[in-house]
Amino acid sequence: MERPLRLVTANPLDQLARTIEALLVVANAPLPVEELIAATEDDQERVEMALGLLAERYHEGRSGIVLESVAGGWAFRASRAAAEACGRLFERPVQRGLSQASLETLAIIAYLGPVTRPEIARIRGVAADSAVAGLTERGLITEAGREDGAHGGAVKYKTTPMFERVFGLESLSELPRLDDLPGDVDDLRERLHAVAEQRSA
Amino acid sequence: MERPLRLVTANPLDQLARTIEALLVVANAPLPVEELIAATEDDQERVEMALGLLAERYHEGRSGIVLESVAGGWAFRASRAAAEACGRLFERPVQRGLSQASLETLAIIAYLGPVTRPEIARIRGVAADSAVAGLTERGLITEAGREDGAHGGAVKYKTTPMFERVFGLESLSELPRLDDLPGDVDDLRERLHAVAEQRSA
Amino acid sequence: MIVRELDLDLDAFEGPFDLLLTLVLKEEVDLADVDVAGIVVRFLERLAEREELDLDACGEFLVLVAALLELKARGLFEDEPAELADLEPEEAAEELARRLAEYRRMKEAAGWLAERLSTERDRFFRIGPAPLAPQPERRLAPQDPEALANVVRLLAAEPPTVSLAHMELRFPPVAQFLERFRALLTRRSRFDFDSELDGLSRAEQAVAFLALLELRRANEISISQAAPFAPIRVSRVGEESAAVNERTQTWNARSA
């Protein structure tokens, strides 16, 4: 039992254990034993034995990868010994700016008020899905109901208090004025749509 | 050398290799050596040696988890032997093949990127809008600013690290050189010259 | 074989060739959607069904397809500064060869990618965060609100109008030639089409030819040509022989 790898290699469960390793390293969420059984097309007893072998191999203090049984099933995690290094990896340096796509999407939402993704896409001339998802994840924008009532219509987005903090604004009314452009939101919206149409023509 | 793990355990690099294992199992994209150096606070030579040990340990045919150098960094993936089991549980990033239009568009962006949609259309002779939208949705390409910043020119596109990962490329430089792909320029040039001469005669 | 009656079955259009031309002229069909290669293939099929080589049909077909291709090229490359038409034949051939070679290489590259994708099908990797990974916090440095305003100004900036004027210059409206030919025919009962083309650019010649087709379609004129490449004679309807008149009517019936 001193060298579990040796044991796995000699064991007829070898192949099964390797397949389970592979499944676990691809998974996004803990894998219940039933799913492992279904994916490997093997039986419960053997799958559980293979998991036992892997748990010994991927054990805290023995490996940087640790196999853990949690509520939802089995999953790999980083060893506690590596916690500090993981902390450094995930502690992203403060990002200095936003991408052009994010900035355009954010500006449209800030100046036009609640807007749907299709409208942002029309104005930009490009789909806005990933920009909207990224800004939502960063907490700069959030959902603001749906277009035309409760059901069916597209989700509308608005800026958040976090947005105001990041841009140093007390409120949206402090957004820089666009002197040469229509001050009225509806007129601005119309102008943006008209130009977008010209551009795509 | 028969049992690399034994070697790792005995090696003073042992601890570092375990830390790197841990980082790789939680990372959500391939980790460049520089990021590993920063997270482990170790030096380049030692990090590269540790990666060498891990590459031997997590090797196709020897383990269900495989360490590969891809998309400019190091990442774990499932062994090819486990592909069938993985296919029962997970979707491939590109589940079905890509259409001819998508592949041509992807090739143009990979070789000439960042490029705009009109430029792609120019080369293909057909509009590329839906191919670009589909590739963006699959995460194989992404926006890379606008052409001609001041005038709100067309959006430019480039390939993503996901593209390199899906196609198993260490970097874009692994693509075959364009000059090595037959363009049959000489034949074409001759034929066109012949026509041109007739016309001006 | 009468080229204009060539029946087409394309993605974007189904019907006789002359109807397609009419719809393109009226901008009811977008040329970008028309598969010109499909038209050529259809023509070659029809040609192959016949025992003799129909030179008249080939000549007419070449002119029509060249006009279509030119229009399509202009639609696709409208912002192109270097005009193929303005280049010497040698330079134009060189430029065309370069473009075709570029596309062929990209097709090869696409083939390489397709092959690579199939050999890499059995490589599975995790997409997205690991199950028990720490949640990264993405912090953003303070931003300047002026950047938002600049982006809105950018999006509201009208695209430069220069290129549009340029386009008009290169591709005159069909109406211009319609009026010109109608005016000519109020003064004279017939004219020589080729001499009207003197001094015109190739683009203008193509448009003039399309205008000619449009007038014939509207049954305002009839067209005759003694032999292939002989001058094209245009005359007011009623001034020409009964035989030609009959031909025109057949065509109108089909294209209606």
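To keep things simple, chains are lettered A, B and C as they appear, and every chain counts its residues starting from 1.
Methods note: contacts are C-beta pairs under 8 Å (C-beta built on N, C-alpha and C of every residue); 3 or more make two chains touch, one makes a residue touch a chain.
Note that this is a predicted model, so its numbers are computed, not measured.
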Furthest chain, CA centroid comparison against subunit C: A
Chain closest to the assembly centre - both centres taken as Cα means: B
Centroid spacing, where centroids are CA-atom means, of subunit B and subunit C in whole angstrom: 37
Centre-to-centre distance between subunit B and subunit A (centres being mean Cα positions), rounded to whole Å: 20
Where subunit A and subunit C are represented by their mean Cα positions, the distance between them in whole Å: 45
Multi-chain contact sites of subunit C, meaning residues that touch two or more partners: 124-130, 132-134, 154-155, 157, 159
Of all residues in subunit B, the ones touching two or more other chains: 25-27, 76-78, 82, 86, 90, 146, 152
Residues of subunit A touching subunit B in the complex: 3, 5-6, 17-23, 25-27, 31, 35, 38-41, 63-65, 76-79, 81-82, 85-86, 88-90, 99-101, 124-127, 129-130, 195, 199
Touching residues (chain side subunit C, partner subunit B) in the complex: 32, 76-77, 79, 89-90, 92-94, 96-114, 116-118, 120-130, 132-134, 154-155, 157, 159-160
Subunit C-touching residues of subunit A, taken from the complex the two chains share: 22, 25-30, 68, 70, 75-78, 86-87, 90-92, 94-98, 100, 103-104, 106-108, 110-111, 123-124, 137-138, 140, 166-169, 174-178, 180-181, 188, 191-192, 195-196, 198-199
Footprint of subunit A on subunit C - complex, ascending: 124-149, 151-159
